[in-house]
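The two complexes that follow have chain A in common; it is paired with chain B in the first and with chain C in the second.
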Partner chain A sequence: MSAPESKPLAHPVRVKIVLAVLAAALTVAGGVPLFKHRHFGTPFVAGPGVTKVIKLSDYSPGLKGRFVDADVFVMEGAEPGGKALIMANTHANEPAGYLAVKILIENAVVQKGTLYIIPTINVSASRNTKAGDGYPLYYDIPTDWGRVRFRMGTRDASPLESWPDPDVYIHYPDKQLLSYLDLRNTNRTWPGRPNGPMMERVTYAAMELMRKEKIDLAFDFHGAETMFPVTNCIVAPQKSAKFATLASMMVKAMEGFDSHVEPSPQNFRGLSHREIGDFSNTLPFLLEAPIPFLDQPTGPKTVKLLLDGKDPFLLSLAKKKKLFVSYDANGWPMDKRVGQHMSTTLEIIRQFSKKTPDRAIRLSGAPKYADLVRDGVGKYFHDPAKAEPGRIHYE
Partner chain B sequence: MTLQIGVLLLLMVAAYAVASLKKLSVELSILAAAVAGGLGGAFLKTPPLGELPRHLVEGMFPYLDVMLVFSTATFFMALVSESGGVNYVVRGAIKLFYNVRVVALLVLMIIILIPGALTGAGSVSILVVGAPVALALKALGIPERKTAAILFIVAGLAAAAPPVNIWAMILCAGTAIPYVGFTYTLGIPVLILGTFTVLWLGLKKEGGMDKAAALAALPPVPPGMKGWRVLVPFVVFFGMVIANRTWPFATPIFGLPLEFSAAAFTAWLVSPRKPDVLKLALNTMKRLLPLLATMIVVGMLQQIMTATGVRGMISYAVISIPLVLLFIGLAVIIPVSEGVLTYGAAAILGIPLIWFFDSIGLHATVAIAGLSILWPLGDGLPPTALIGRLSVMVSDYKGTYWSFLRQTWVPWLVITITSILMVVYSAKLSFLVKWSM
Partner chain C sequence: MNVIMIFYYLITAALVCLLGWNLIREKKSANDMILGLLVMIPLVLRLLRVK
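So, the complex of A and B:
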């Protein structure tokens, strides 16, 4: 293992200078795209249903002025009713939920009750990349009026917002030992603390929003590998299981796609579907749509794979029955995944509204699974060039 | 797609081979493989040529924190050593335990196990206690080659030992399995395998020295050096680690680099002679440079392997192996993956493997424990060989790296068989998980 003997350099200082210049040039050429990625914003047009845009820090001053403070789009109906919170980009490398909430924000109108939408609950992770993973920095969605560009984020917040890592993350308040990386994962830091590590502050602020606004339903949008047993499903604790089961049956019967119910494990702490249920009166639901891009045994991590979900290795593994979802040559396109999130959410809201009419939530304008599969996601994005300046928010 | 990715893999292997033949260092050879893979991939736009600099730069960073830990920990131990603390401890150990060899070996084993078990990093064991333990082992009449072998194997077991096992934590995080139930599942095999290793490699006294001669052969202790002067910096280090573990919600997160820096500052404060800190820091970094460079280029290689699909194809190949061959193949696949990817291997191969094992009725927690005892062996394999190289470095072994590695073969084999049996019979061993809960 020791380095082989080599001849001394003829001009060591000159060689060192040349190497230093080359290294600096590579660092600039490689670093500038990462800097631009961190500061890139996608325009979200506040549609007719958006009544105000507030900040997560309005519920917990510990986040005020921090890079991680997130926008909360509020959509209030004319008639009072129940309240739901929808969160996306908990893991910013699982973008179907993010696209789904953009469609809701730009198109939906609430008639009864209130919707709170946080497009990016982990802002830091959405502006971070995971070194070693080789993901693309952006992906584009085609529309009738051009392409919309989105940042591809990652699972964990950046060390720029949460550093140093501990040698082990001790979950608050349960003291369960979790991976050191989970300190930067907002699906392990629930229910959080007001002055804890940065991601615990983020989840605490969201908990405060749920407690203060008396939120009835909370949705956390995710994507999961096709080789992961907990995929293509609704994860729900016991208290939410009734609505999850009804919705699962309805989307299967009426809209033709599977989304089975998985119980939220009681001894695995820090997850939104566990802690929101245990630390508030809100009924939590975590929605998982398959995302082949995240599977380990795939070809190159390209934008095409992210959007169409087609991969020959996964196809081969599907034939060997090593995947947990049905998978064929059509892959698992983004439109389908966004459609699953949208329809499952709307169905859970509908079921809840039926059972508790005084807390009902009624909304219109949101496309469903069949619409999104037929038209494509881009069809429902609004052109920011045609929007009033005050209605554009860069997420 | 398989063909084009296969060609890229061959291109990377060829670039590594050519660079090695041209007598470039291991680090530059890995860099050549990464750049060749990236340029080859650019023909197929995986990744596009314009994105190649970003991939190379981004790939430099997966191990930044680990590099900080290595740097600060080595500097801390260099300060303790310069102040005469290491010599003081070794003399003490020889005086107390020279005549009770088994006890001496077991005590030294526990001393190596503790830092790695607490931090999850075998390298921390080597960097914190490796040098004094190596001197003590040598004074017990164990040759340097075997000393390095003991350090390497036991430090690897320390990394796997509870409460912190980073491979298991990465696997649990990636497979949504709680990181609970590992105390006995990992602790019992680690203690048995550690005991076997130190006795197999160390029981036979090969040097001719008696106690007086062993003490005389050790370097002198500088005037003024006392037990408390050695102890206090370690109390500061372990105090910070344990405080965070005991009062997690009342203690700030220090992080290992700061914990080692605080311990280093304390060591300097209490040292009877004040070493030249700047000179020592420069020497430490010069010593560590090849190791740090390896970690940077391995990160770049990983990134290029992912962007080109090579990493995915390897993962696919492993999962596609028939079950019996897969169990046997674990003996090679797991350590080699660690040698190339270090902790990244747990995510790339481990996560799909655990999902697969779970789906065929094996017990996921025990299987994770089994694999995570096997992974540290890979820290002795090139190109990274992180713990192996550190073990050779601190034990001052001057022979070839391979002669050191050959010395480990019996414990290596026993650990491998134990790990594979733990995976295969994981369902029957699930009582260990219940005991641990």
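So, the complex of A and C:
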């Protein structure tokens, strides 16, 4: 039976104009917040320890002029020593590491050795969002002088930088088959190649930085779900395991928090803790702090959940022993997560410096776990209104 | 921007043109007009390099 033939509209042009205007209004209403988010910058005040700010493309011309080119804050001590690289926002929906490096950049001073800090290694992911999961576009951290607004990013780079996705991502150089999405995931594209897909270029530039600058230690800050087994830990390959284990024991004994050591799997390619160790002389460490916001069975993905980590569904699951971390009504607040990253990093640097005095790194001014839990992270952010204009960098 | 990405932008632009042409030709169904316009929104956002 054929469908009844509909009659022509009485005023089709008028109807089209009205509908087109409505569609344009929807496009603008949806597009403007996303455009603003993509171009929003949080001020980072280069503290007394920052000696220069360079670009990742300085190490690989394939990134020159690209949207994904990242800032590298360099903090050189008066005395030569070892070198460490700290990277945050590999996954830009795991922001504790990003806040930790902001605190380091604004407060720390290096006396011996050099620190290289990349606040956002995946620039594109930090300017992307996950609308389907109801992610907030921004979150605010209170300080004594006002609120600091940060972009909430997501795990993968935007298709605006890397499009289309393949059916399967074939890792380079191992040829391991990974998820199609991993082409835009900077923790699957290590060690990268200079003219490969965009995220491989980013990781290649970071590898070049490590090789050319002879970096001793590399830290990659992450967050992981409380229901994911690899959480609240230091992921390290065999060559880094000694320092990770010592640091894990020391933070447990001296600072009262857990961060166990997980071995870096040899057969799972593309991860920073695996490829940095295999393709350079640097000792890699990937730090995971629990982030309840990323767990699937939670309530709405609100800023409150992101910052305090309190969720009644996770609490119920914790009582059934379904989580991989201890979890109570206090949740897992941001201050605690940032503190874990900070203290674990400082402890690994301290242990490395003790064992290799000629490559030691000594720094001061960085708050530790207890300071951050007591004072809150906002206490350590500097007011850009009081900074010299040349010292402000929008990240 | 690599070659395949340029092709994808050209494909997107072609789709927007086709949807626009269908909208111009449609005389009977307001539902089809709405459908065409809604499908165009993400394509336009991609062409404008917003999302």
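One rule holds for everything that comes next: the second predicted complex is superposed on the first by the 377 of 395 C-alpha atoms of A that agree within 3 Å, B and C clash if a C-alpha of one lies under 4 Å from a C-alpha of the other, contacts with A are read in each partner's own complex, and residues count from 1 in each chain.
We take it that contacts are C-beta pairs under 8 Å (C-beta built on N, C-alpha and C of every residue); 3 or more make two chains touch, one makes a residue touch a chain.
This structure is a prediction, so every number in the text was calculated from the model and none was measured.
Q: Touch check for A:78: first (chain B), second (chain C), both, or neither?
A: neither
Q: Kindly classify A:227 by the partners it touches after superposition: chain B alone (first), chain C alone (second), both, or neither?
A: After superposing on A, A:227 lies in contact with chain B but is clear of chain C.
Q: Once the shared chain is lined up, is A:329 touching chain B (first), chain C (second), both, or neither of them?
A: Touch status of A:329: no partner.
Q: Where does A:12 make contact in the superposed view: on chain B (first), on chain C (second), on both, or on neither?
A: Only chain C is touched by A:12; chain B is not.
Q: Does chain B (first) or chain C (second) touch A:137, or do both, or does neither?
A: In the superposition, A:137 touches chain B alone.
Q: What is the contact status of A:178 with respect to chain B (first) and chain C (second): first, second, both, or neither?
A: First partner only, chain B.
Q: Between chain B (first) and chain C (second), which does A:253 come into contact with in this model arrangement: first, second, both, or neither?
A: neither
Q: Of the two partner chains, chain B (first) and chain C (second), which one does A:20 touch, if any: first, second, both, or neither?
A: In the superposition, A:20 contacts chain C only.
Q: Name the chain, either chain B or chain C, that contacts more residues of chain A.
A: Between chain B and chain C, the winner on chain A residue contacts is B.
Q: Could you list which residues of chain A make contact with chain B in one structure and with chain C in the other?
A: 6, 26-27, 30-31, 34, 159, 163-164
Q: Looking at the complex, which residues from chain A come into contact with chain B?
A: 1-6, 26-27, 29-31, 33-34, 129, 131-134, 136-137, 159, 163-168, 170, 172-173, 175-183, 185, 188, 193, 196-197, 227-230, 265, 267-269, 295-302, 312-313, 316-317, 320, 322, 324
Q: Inside the complex, what are the residues of chain C that reach chain A?
A: Per the touch definition, chain C meets chain A at residues 4-5, 8, 23-24, 26-30, 33-34, 37-38, 40-41, 44-46, 48-51.
Q: Which of the residues in chain B come into contact with chain A in the complex?
A: Interface residues on chain B, with respect to chain A: 1-2, 5, 23-26, 41, 44-47, 51, 53-62, 64-65, 118-121, 163-164, 166, 169-170, 172-173, 175-180, 241, 244-245, 248-249, 253-258, 290, 299, 302-309, 311-313, 315-316, 319-320, 344, 347-349, 351-352, 355-356, 358-359, 382, 385, 388-389, 392, 400-401.
Q: Mind listing the chain A positions that touch chain C in their complex?
A: Its residues touching chain C are 6-9, 12, 15-16, 19-20, 22-23, 26-27, 30-31, 34-35, 38, 158-160, 162-164.
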